[in-house]
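In the two assemblies presented below, chain A is common to both, partnered first by chain B and then by chain C.
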Partner chain A sequence: MYVAVKGGERAIENAHAWLAEERRGDPSIDELSVAQIREQLSLAVNRVMAEGSLFDPDLAALAIKQARGDLIEAIFLIRAYRTTLPRFGSSEPIETSDMQCDRRISATFKDVPGGQILGPTFDYTHRLIDFKLAADGEIPDAAEVPTDPEPVPHVTGFLNKEGLIEEALDDEEAPRDLTREPLELPADRALRLQALTRADEGFTLGMAYSTQRGYARNHAFVGELRIGTVPVEMDIPELGFAIEIGEITVTECESVNQFKGSKTERPQFTRGYGLVFGQTERKAISMALVDRALRWEELGEDFVGAPAQDAEFVLYHGDNIQATGFLEHIKLPHYVDFQSELELVRKLRREAGASQVQEAAE
Partner chain B sequence: MTENQTERKAWMGLLARAPEGRVAELIDAHALNQTMSHLRPPEIGSVMVQGRAGGTGAAFNLGEMTVTRCTLRLDCSTVGHGHVQGRRKADAEAAALVDALMQTDAADRVRDTVLDVLEEEERLRRATRAAKAAATKVDFFTMVRGED
Partner chain C sequence: MNDYNFAYLDEQTKRMIRRAILKGLAIPGYQVPFASREMPMPYGWGTGGVQISAATLTPEDTFKVIDQGADDTTNAVSIRQFFEKTAEVETTTTTSEATVIQTRHRIPEEPLTEDQILVYQVPIPEPLRFLEPRETETRKMHALEEYGLMHVKLYEDISQHGHIATSYAYPVRIEGRYVMDPSPIPKFDNPKMEMAAIQLFGAGREQRIYALPPYTSVVSLDFDDHPFDPSKAPHCCALCGAEDSYLDEVIVDDEGGRMFVCSDTDYCERRRAAGHRGAALAEDAA
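Up next is the complex of A and B:
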């Protein structure tokens, strides 16, 4: 029988007041503003937007402040807030080929139209702690090279021309939405991509790494990685046409994988796809690798029992809010449950003890 | 889409992308004195943003973004719509006002004082960013391995 616990109100209130005090830290140190978090911890903000599944940098920054920097707690706050908003509708699919790129690299082609643009990257840094940052150092100005806007076409397009890579064709279907209906298997690719783009970065990274180490071996190249802004268009019924309702930053990764061919497909390159809110390239590359591993069935590959091939395993365990909700609930009062366990163990011990006495007597 | 619609689409996009508070700053006092009524008071909601598998393939749900919208009517019964990114009621209202005024005799003045300014500021923002990106363009070259 379940008996709810009562009482503890004062202790809870006091705990929360202390939490607020601890969140503030030493009051002789300046308080962080939400704008400071948004501007100076922007990659944390991006992660909270991606996994919170809501693009709103100010809100994500506020959530990080409230959560004392615990990003999963911040994501939890964003997910909860999201459910309070009325949904105005769905956008047109964003056109990533129109992206204004801050960064765009290809590991497969050296000379790509539009060029290799490193952007504001950690790559090629020495990963040494920079003590100048602690000393209120001056920031060097970023160099500028005035440039005319030129189109930056998708790299996979070049392989498409030779027919060496599978094409990604539009099926014109309205995608299923796991925020509106429970995630049920089998999940088509659209639903898998939605689950992956909001999945925990650490989980997705671990899954992707496992494919590189040989579980569902799929040697992946980063065909293209691009980060930048794209406009979002939505059809407005009152107007009778679509307008831009804003501009978002996204990271897109296309992986290119070897494919020896199967019963149904000729040998060619296949693709994995990652698209994530914000500047989030570790997550986008991971997503592309896991997406590719999950496509084994439609490509006629064998299921070799690797975790990254198992849609149920990946999709049901990648959401950090579901996971942490279930995991953390076991620390809340379970006195009655445990009381019955205790009774059971005592009873088993009594029975075991009685039979030992009986054996000894015989 | 008619020519008028194409034009309207362009200015509505410009208003949606404007930085916080900027549109209201640019609207002159005369315009703000307009008497108007809300057909839909500023309202915050979300829009589900879609992407495409492989950039060109089947649509999927990427995640939501916050949007604020507003509809108002001027005394002359012209209706303006505003949609802006984020949770910004004042900006959505200002955008709706500009949209309405652009359909009246005030259009030329509003274009000069609001839209042209926004356009130039946006062009400059983008050019600066593009110039910084261009400065990080690399030419990797593969080393000759000595097989020849």
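Up next is the complex of A and C:
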């Protein structure tokens, strides 16, 4: 005999206990430390910081551990924590031209002041499984050179001097804050960039890739990609001046895109921009391409109906925490709505059956 | 868990949500954008309702949570536990004892009173969304009271199926002005929405709040020659014998045998406590 399903509470407790056990895995294997994750899975840590919108490598590493390596789950943990933090001010804009670069490349010039620095990249590795890593092999020392303390100028700056690329205007306006105000459209560029920098890497990559394949093609060159540390400064009202409160690693990509011109303006290159926490270059390049595609209106281009041009489509669907929550909620019970559908389908079938019988009789 | 503020959210956030609620009550059926926060449960799992409850609860409140009409479905349990921990409010499963009721997909069978607040979890607040996917467009349609598209959709249903083929989240018109999504409650519950309690609707992911003050006019859309029909399964509850309650269909054996029981578990238990017996229990006794 059926009794109303009871015991949801105990089921949840048991599920949580089992989950904790599964997270730990075989207890005869050493437990991962947060420091190990932070140091050795640093690109995962970077992604969690970027999409979690919180620069804290230790916390991101802990979230990855707690989430059993599910990065979207880890991002969710960070977001839920971040939202509880008090906001006591905002920093000055970071100056990426002051960056201490670990990596800095330009695809548009063979050589540029400041040089091309490959840095720690997978780019030219042959993707062969390194079985030495399975045995704990010692790594050879990497060569070292003293860093050049001179600031590394932006490549697009050189194009700017000639007027070959559009000016990036500073409107001096404080951008709206996506995490403190509801997203309302139309969204200006600052707000779009905010949404893109925390958007899902896979989604942004797919959108960017679609522009390369002809859905709002804007032919992008990587004018410059740089990864390194920049100081963060904050104005302290009590002091009356800005002080450095820390240092963050960011990846910046400036794309140089196909030129445009009009009757009044001579042809020039246009820009796309990507800036993301940590070493996250796939994301930063994707962001720059999508940013450029979303700028069709201000650049006087046609809307060709491509998904990457459609700000509402991109901004409403790029957030993986929103997307995964809503997608996965269909696991929740829906038997009340399903019941009403059942009754409706039965009724419609009954009536369709009756009319078929009648037609046959006629 | 007292590291967090009462009911989890900080007071500034609660104030922002209360302002949205007040605006919603002032313009019944209008979707008020609000700066939805990331909650420690996923979007789509009731974060809108949870934020409204957090902004509404006071330490003196008694809180009830139902999902699909039941107090003991897993997500209802989870949300109830969240407020037990963060707000330390009293909780109950008895509809009449609760001052704030958070619900997903149902309105309790027992009529609510002026001392109660019903908080709905809303997945997609926009009733026009599946006719027009763009928010920029649907906001314009509401502003211009341009609801022809919805009537055309309902008419097409009738011409194709002979009936309006919407059985839950059945659109309603509020005070002759805004067309509103009642959240995915079965249309059986629509007539209950003209009620004594305050009704608040929260959509966290979509960042919208809307509201109905007590005794607001709520009309389910229909046509003169196809009047609204709040249908339910043509059975009575196998446990308590109720003929007036919304029923869940439960498959009981491998042959596809089924029984119908009240979806509102509190209602059903209360009726049984009062001595009502349905067919299944009568057989047991025999």
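To be clear about the criterion, the second predicted complex is superposed on the first by the 349 of 362 C-alpha atoms of A that agree within 3 Å, B and C clash if a C-alpha of one lies under 4 Å from a C-alpha of the other, contacts with A are read in each partner's own complex, and residues count from 1 in each chain.
By our rule, a residue touches a chain if its C-beta (ideal position, glycine included) is under 8 Å from a C-beta of that chain, and two chains touch if they have at least 3 such contacts.
Given the structure is predicted, the values throughout are model-derived calculations rather than measurements.
Chemist: Overlay done on chain A, so just call it for chain B and chain C: clash or fit.
Modeler: Superposition result for chain B and chain C: fit.
Chemist: Which partner, chain B or chain C, is in contact with more residues of chain A?
Modeler: It is B that touches the greater number of chain A residues.
Chemist: Taking the superposition on A as described, I'd like to know which of chain B and chain C A:Ile72 touches: first, second, both or neither.
Modeler: Neither partner.
Chemist: Put simply, what angle do chain B and chain C open at chain A, by C-alpha centres, to the nearest 10°?
Modeler: 110
Chemist: For A:Pro93, select first, second, both or neither according to whether it touches chain B, chain C, the two together, or no partner.
Modeler: It touches chain B, and chain C stays clear.
Chemist: May I ask you to decide whether A:Arg82 touches chain B, chain C, both, or neither, giving the answer as first, second, both or neither?
Modeler: both
Chemist: According to the stated criteria, A:Leu299 is in contact with first (chain B), second (chain C), both, or neither; which is it?
Modeler: In the superposition, A:Leu299 touches no partner, neither chain B nor chain C.
Chemist: Contact-wise, after the overlay, does A:Leu32 reach chain B, chain C, both or neither (first, second, both, neither)?
Modeler: Neither partner.
Chemist: In the superposed arrangement, does A:Glu252 touch chain B (first), chain C (second), both or neither?
Modeler: first
Chemist: Can A:Leu164 be said to touch chain B (first), chain C (second), both, or neither?
Modeler: neither
Chemist: Closest Cα approach between chain B and chain C after superposing, in Å?
Modeler: 12
Chemist: Shared contact residues on chain A for chain B and chain C?
Modeler: The answer is residues 82, 86, 179 of chain A.
Chemist: Going by the contact rule at the top, pick out the chain A residues touching chain C in the complex.
Modeler: 1-2, 4-9, 11-12, 76, 79-80, 82-84, 86, 179-186, 312, 316, 321-322, 324-329, 332-337, 339-344, 347-348, 351
Chemist: State the interface residues of chain A toward chain B in the complex, per the touch definition above.
Modeler: Answer in residue numbers: 49-50, 53-56, 58-59, 82, 85-94, 96-97, 100-103, 110, 115-121, 142-147, 149, 154, 156, 167-171, 173-175, 177-179, 189-191, 193-194, 197-198, 231-232, 234, 236, 238-248, 250, 252, 254, 271, 273, 275, 277.
Chemist: Quick one: in the complex, what on chain B touches chain A?
Modeler: Answer in residue numbers: 1, 5, 8-9, 12-13, 16-17, 43-67, 69, 71, 81, 83-87, 126-142.
Chemist: Mind listing the chain C positions that touch chain A in their complex?
Modeler: Touch list, chain C to chain A: 4, 8, 10, 33-40, 42-45, 47, 67-70, 72-78, 81, 104-106, 123, 134-136, 161-163, 165, 167-169, 184-188, 205, 207-208, 231-233, 238-239, 246-250, 252, 259, 261, 263, 265, 268, 280, 284.
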